[in-house]
């Protein structure tokens, strides 16, 4: 069980660092960065919302990468790594949708807008990965479940460009855009705040990923120990 | 080309089994026709034609789901699936055979449903039909793989729609676009792209999904 | 021909096979016995290549086209006739002189008269005899039979006795059974699972 200790080493320090980064990011976002003339206070949510969205994509990408490793190398540990990454991805995905709705409400007075390509793309992907869990929970534990999950995770990544293209084309016949959302023009301070926030959220996601992985592995180790004692 | 011979034998087997059992194809046919009748009542007076095309695609996807849910049932009876997996043939041939057979059933149901739709709701030109064909290929390719995944677990009838619906969104966009857009070519390209990418992915990953070693 | 090293198979938390070591040379006959739930079927499935071990290694020196596996289920299509089933598997296994071989096997196992009937109309004993035909169709080097006597009728049982007699010594066999006395004289090795 020394491997378990090795996995945990350094993690508390990393977690503390991540917490610190998040604190700094929030400070920059809500107090230090200048207020945007057009959107006011609501614009500050942008510093949180966009990094969270990017991190969700990153987690799904990590999950797909681990899935590929599982299929390619056949090492069982990649299955759990892929699952945890996708789990984190859906958590951050939920946060993306929530913060996005808050921002939309604050900026334009609506909780949702079908006109935004990115939103619809994200929603499609989010639903796709929610179904991933349905798949996993209905299959019995074993190589079949690991492989099916991995293949499905890879399909998700393939879906991204195809969905993007589809949604772009669909602009034609889904009602025409009544307003566009330009990326905010960022000044130097804004850009720094954004980058710090992005780094902080990504780091947070990584720490959560590691923590969940450690937790699940301990659980498996415990189960195997119990079995061995029987 | 023994691979093609294997695929041919497997496709023939699937068609033969369905012709004897006669449960999937009649159900699909009845379902799609009933759905069209429901649409007649569901669409309010004065709705444009475009809405009808949208509903057509919903009907197609759900009819396909019906067919796909039953796609692997013959292999689950008497544990035949193990028998196929043990054979020395390439496992992906099993997927090709099943996809082609499912596509045949879907097209057979559409041969009746599409003229009915064109007659009672909105016209379908050649381009729209090409769109239907391309989308059918995509649905059957991906659907056969997903159905095999779901078949290994419990609640498989619930699981298959959940897995397939997000993946079918680009196909619906392509299909509806091909029917109503003034520039349908782009939508056909989207459909062809989808088919290319996902058929290859499904073909390559089938082996992994059905074996343990 | 077959070697396992500390073979373990686990389904979720349950360990079904624990630390199995075995070595079976070519033309050997391994008899596997044990009570219900001891993992006989799991072991045979691992040897056949249908299941992967959770731990340990298994080496089978023969390509899967040379393996014949008889399971509890007959592994044949309900809606097809015996002829159609064997024809399909004959093609997939690239059996030479397919038609002759199918005819010979059907006759040997007393199914020739029922060859054009659907398997759905067969009795359990007949389906299992057809399963035997399917297993022997491609003349495999390695035969893995999971409780072959279990669903055979008396006639089928006698046919199987005769068949095993001929196969032992010329092919490698792994047979699991509840009734070891019947097969024991032919066996060269024995494995008891607990």
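In order of appearance the chains are A, B and C, and numbering begins at 1 in each one.
One rule holds in what follows: a residue touches a chain if its C-beta (ideal position, glycine included) is under 8 Å from a C-beta of that chain, and two chains touch if they have at least 3 such contacts.
These figures come from a predicted structure and were not determined experimentally.
Enquirer: Which two chains does the highest number of contacting C-beta pairs join?
Expert: Counting C-beta pairs in contact for each chain pair, the top pair is A-B.
Enquirer: Measuring between Cα centroids, what's the chain most distant from subunit A?
Expert: The chain farthest from subunit A, judged by C-alpha centres, is C.
Enquirer: When the centre of a chain is set as the mean of its C-alpha atoms, what distance in Å lies between subunit A and subunit C?
Expert: Distance between chain centres: 48 Å.
Enquirer: Could you work out how far the Cα centre of subunit B sits from that of subunit C, in whole Å?
Expert: 36
Enquirer: In whole angstrom, how far does the Cα centroid of subunit A sit from the Cα centroid of subunit B?
Expert: A distance of 31 Å separates the two centres.
Enquirer: For subunit A, write out the residues touching at least two other chains, lowest number first.
Expert: 140, 142-143
Enquirer: Which residues does subunit B have that touch at least 2 chains other than itself?
Expert: Those would be 212-213.
Enquirer: Find every residue in subunit C that makes contact with two or more other chains and list them.
Expert: 52
Enquirer: So in the complex, which bits of subunit A are touching subunit C?
Expert: Against subunit C, the touching part of subunit A is residues 140-143, 223, 226-227.
Enquirer: Under the touch definition given earlier, write down the residues of subunit C that touch subunit A in their complex.
Expert: It is residues 10-15, 52 of subunit C that touch subunit A.
Enquirer: What does subunit A use to touch subunit B in their complex?
Expert: Touch list, subunit A to subunit B: 71, 124-125, 127-128, 131, 134-135, 138-140, 142-145, 147-148, 150-152, 154-155, 158-159, 162-163, 165-167, 169-170, 172-173.
Enquirer: Spell out the part of subunit C that touches subunit B in their complex, as residue ranges.
Expert: 48-52, 63-65, 67, 69, 71-80, 84, 88-89, 91-94, 118-119, 127, 134
Enquirer: Which positions of subunit B touch subunit C when the two form their complex?
Expert: 2, 5-6, 9-10, 13, 16-17, 20-21, 74, 77-80, 82-89, 212-213
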